[in-house]
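The structures come next, written out as structure tokens.
Look for chain A in each of the two complexes below; its partner is chain B in the first and chain C in the second.
So, the complex of A and B:
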């Protein structure tokens, strides 16, 4: 495993479409790093640049402080889990898993390949599918094999491009847990791309938030959630999503143009403010209540069920300590 | 009777019409071929008898004549010979002839094999490489180049026969296997590039990217991952190339005489006594038909998918 650094990395497509601009990030050895951002933000491009599938315009890619910027994908020794289409359809599951180990870069003896594949397939619960053709698998099994093909070797870094996005919710959750366990056991360096915030917060040691080809914030999941540096970042995490309201609304002082407050910090029942309930959404462990306050929709989430009805007027208060203040550009105003 | 049926399913009446059309078409196509096969099993007299004989006593004379050279001898000389050693000598002697040696047919046939399969392999191999490059790389002037490649098929190849004849004579490629392989490859290559590019475009590039990350070079990934996926296209392309170079007549007449002459210009020149030896020509043509037929049957399961491929988006 290796420490992976990107320095001032810039990538344009067709010499005009700027995909990545001046990306700087460091993934420590053994770290689970998640790149978070909506589609088109440059997440996949970042992975492809690290893998060597894209030529970068400027900047450098370093593995353990050594530049691999000019190296071919094969010699970089990374493994990649693609979002789809990654199994070789003309091979069996076993041959798919053996493919990287039989490559001219490694050429492992067949008995060693066999032991590796057996242990990996046990871990991913695909032992009984080894003789199947890759095309005779369900979506979940295919993705397990794809992950398995990445895990059979110990590369510098595992690159994963939304590997769970094509799976159904139940399988996604169980594979997510498995993946985190595997990463902890192997102490693997992983760069994982997703737009799913639950994956980001549960898996990541560190999260990097991408916006239009630029890294806007890097931090632990807690930092990103508690202390986002812009409205954009604050909206990446949290469900139900953060309330973003004009600064004048709750007498927030300073030159605040907008502020954000997470739904759990809107306290219902008593308080100085009141509004009409628009909707009540019972999610089991929590209930999301939408309130119309001076023409703005304010979401509040409270533990457990909430007994009330739509159009009822309700009093509420806000936890002013948790208010995130933003200036006109949408950047965070630092209090201190 | 079941009166309910799907609106998408053709009615049994239209199915019957379709079957009738197919049967009529098949019969029309098969009549000349079966007549040719029948001719190959007739003897010289029944082959040209009028009215034509549909029922006849089969004979292998055509095949014997195809493979041998013979000369007519006097009955006295024939009587002086030891008794015939095998059935075909006996057959020839019954016509008052003796076998003087093997004919050139086998040589011409193997020339056809070498040139046909050689140029098919070269067309498909080069075509696959070019198609892959056009499909995956940012080739400058890509569209113009593709159009230029196709433009070589916008006139009949024979239109350039004279310049090619002169050039081949100058550089010593006339009447050589290599010359014919190059010529047929050039003619087939544009078709191969265009057909295969369509197939390559359909193969997601993630496959070879995955292979490259798994430790293979691009060329290795091409052979290990892309080519097996393109098998359908390769089979379809190979059949088309094979049919062209196997059947090509005009260039073969012009450019080959002895060394590299293929079967098509040879077969119609088989002369018997007092005219063309129709059973031998029939036999030659029947045998000539077999390799392409076998080749097509082997690749048939790819062919049907190959032709319709790309028409239906997944």
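So, the complex of A and C:
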């Protein structure tokens, strides 16, 4: 495994469309790094630049402090889980998994390949599918084979492009846990791309938030959640979504133009503020209550079920210590 | 809800028949009827030039005659070797050209159009102008060959050793674009991310070709060769114009021999039997080939 660094990386498509601008990023050896951002933010492009599938305009890519900027993908020795699976359609699952191990640059003996594939397929629960053709699998199985094809190798870095996005919720959760275990056991360096915040917070050692081709904040999941440096970042994490409200509400002092407060910091049943309930959503372990306060929708989430009905007027309070203040540009002010 | 009044008129089935009716009739009239008629005639001693003579039923006599005639087997051998070399060359060159044209470069489209041109010419015209190209005194072909290596004077069409190659060369020149086009369609259908995955998996170009490109184009190539095989089994016009089966019978393909028996010697019953044998042969081979092709596709 390797430490991977991006220095001032800039990438444009067709010399016009700016995809990545001045990206600086360090992924430590053995770190699980998650890139988070909406589609079009440049997540996939970042992966492709590291893999060497895209030529970068300027800047450099370093593996263990050595530049690989000019190297071909094969000599960079990375493994890549593509979003669209990209299994080799004419071959069986076994042959797909064996393919990277049979590369002339790695040539392992066949019996060693066999043991490797058996252990990986057991881990990913595809042992009974090894003889199937790649095209005869369900979407979830294909995705697991694609992950397996990356995991049979010990590359410099694992690059994963939304590898769980096409799975159903149950499988996604179990594989998420499995993936984190694998990473811890192998002490693997992983750069993982997603727009799913649950994946980001559960998997990541560090999260990098991308916005329109720029890294806007890097930090641990807790830092990103508790201490976002802009409205944009604050909205990336948290479900239900953070309340973003005008500064004039609730007598928040200073030159706050906008402020954000997470739904768990809106306390129901006490306090001096009151509003009408718009909706109640019971999610099992928590309940999300939407309140109309002076024309603004305010979300509150509370533990367990909540007995009340729509259109009822309710008192609530806010935890002022947890208020995030932003200026006109949407950036955080008086950061701690 | 208001439902529009049901359209009253022809049913879907009737409309369907209306569309395919004319072509079915045409097919029956000019393909199926002559075929049935020829099968019937193949059991008689019919001579189309002997008017008024009532053909007699002779049983399998014509078939026995055809299959026992050594000359027929020579023609079959000429046809088989013609097919073997044309298909082999067209497969290799066609796939090669397709691989080259699948790359992105300037003038790609213009070059494709130019390469495809021979295919669009009439085979008879191709046959005629290649007789000029092959002319030993003034022909361009001999000049070009001698330019690279001086073989001295040789006659592609006149020599019984070279004549079979002369028709192979012309057919390959004319029809390689066809296999190329179909292979190109196959190559375009291979998604680029497979190559990216292979590159990341550290496969070299040769492995990428063997593991990804070849299995993807193979069904396309086999289909192209099926078409070419059927066409070349009944090859007639181009070869007649070029060598008319000569010298001697060096390039006398089965179809040319058939035409001679039928319309020069007027042995209608006999040649009908020959035609039926050819038909069954190609039908049988074609079916086996399609089965094999489907197996490969499923793989």
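To be clear about the criterion, the second predicted complex is superposed on the first by the 333 of 336 C-alpha atoms of A that agree within 3 Å, B and C clash if a C-alpha of one lies under 4 Å from a C-alpha of the other, contacts with A are read in each partner's own complex, and residues count from 1 in each chain.
To be clear about the criterion, a residue touches a chain if its C-beta (ideal position, glycine included) is under 8 Å from a C-beta of that chain, and two chains touch if they have at least 3 such contacts.
Remember, predicted model here, so these are calculated numbers, not experimental data.
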Fit or clash between chain C and chain B when superposed on chain A: clash
Partner chain in contact with A:121 - chain B first, chain C second, else both or neither: neither
Touching partner for A:105 - first (chain B), second (chain C), both, neither: both
Touched partner set for A:229, first chain B, second chain C, both or neither: neither
Partner chain in contact with A:88 - chain B first, chain C second, else both or neither: both
Shared chain A contacts, counted only where both chain B and chain C touch the same residue: 51, 53, 72-74, 77-80, 82, 84, 86, 88-90, 99-100, 103-106, 149
Complex contact set, residues of chain A against chain C: 51, 53, 72-74, 77-80, 82, 84, 86, 88-91, 99-100, 103-106, 149
In the complex, chain B residues that touch chain A: 204, 206-207, 209-217, 220, 225, 228-229
Chain B contact footprint on chain A (complex, rising order): 51-53, 72-74, 77-80, 82, 84-86, 88-90, 99-100, 103-106, 149
Residues on chain C engaged by chain A in the complex (per definition of touch): 191, 193-194, 196-204, 207, 211-212, 215-216, 299
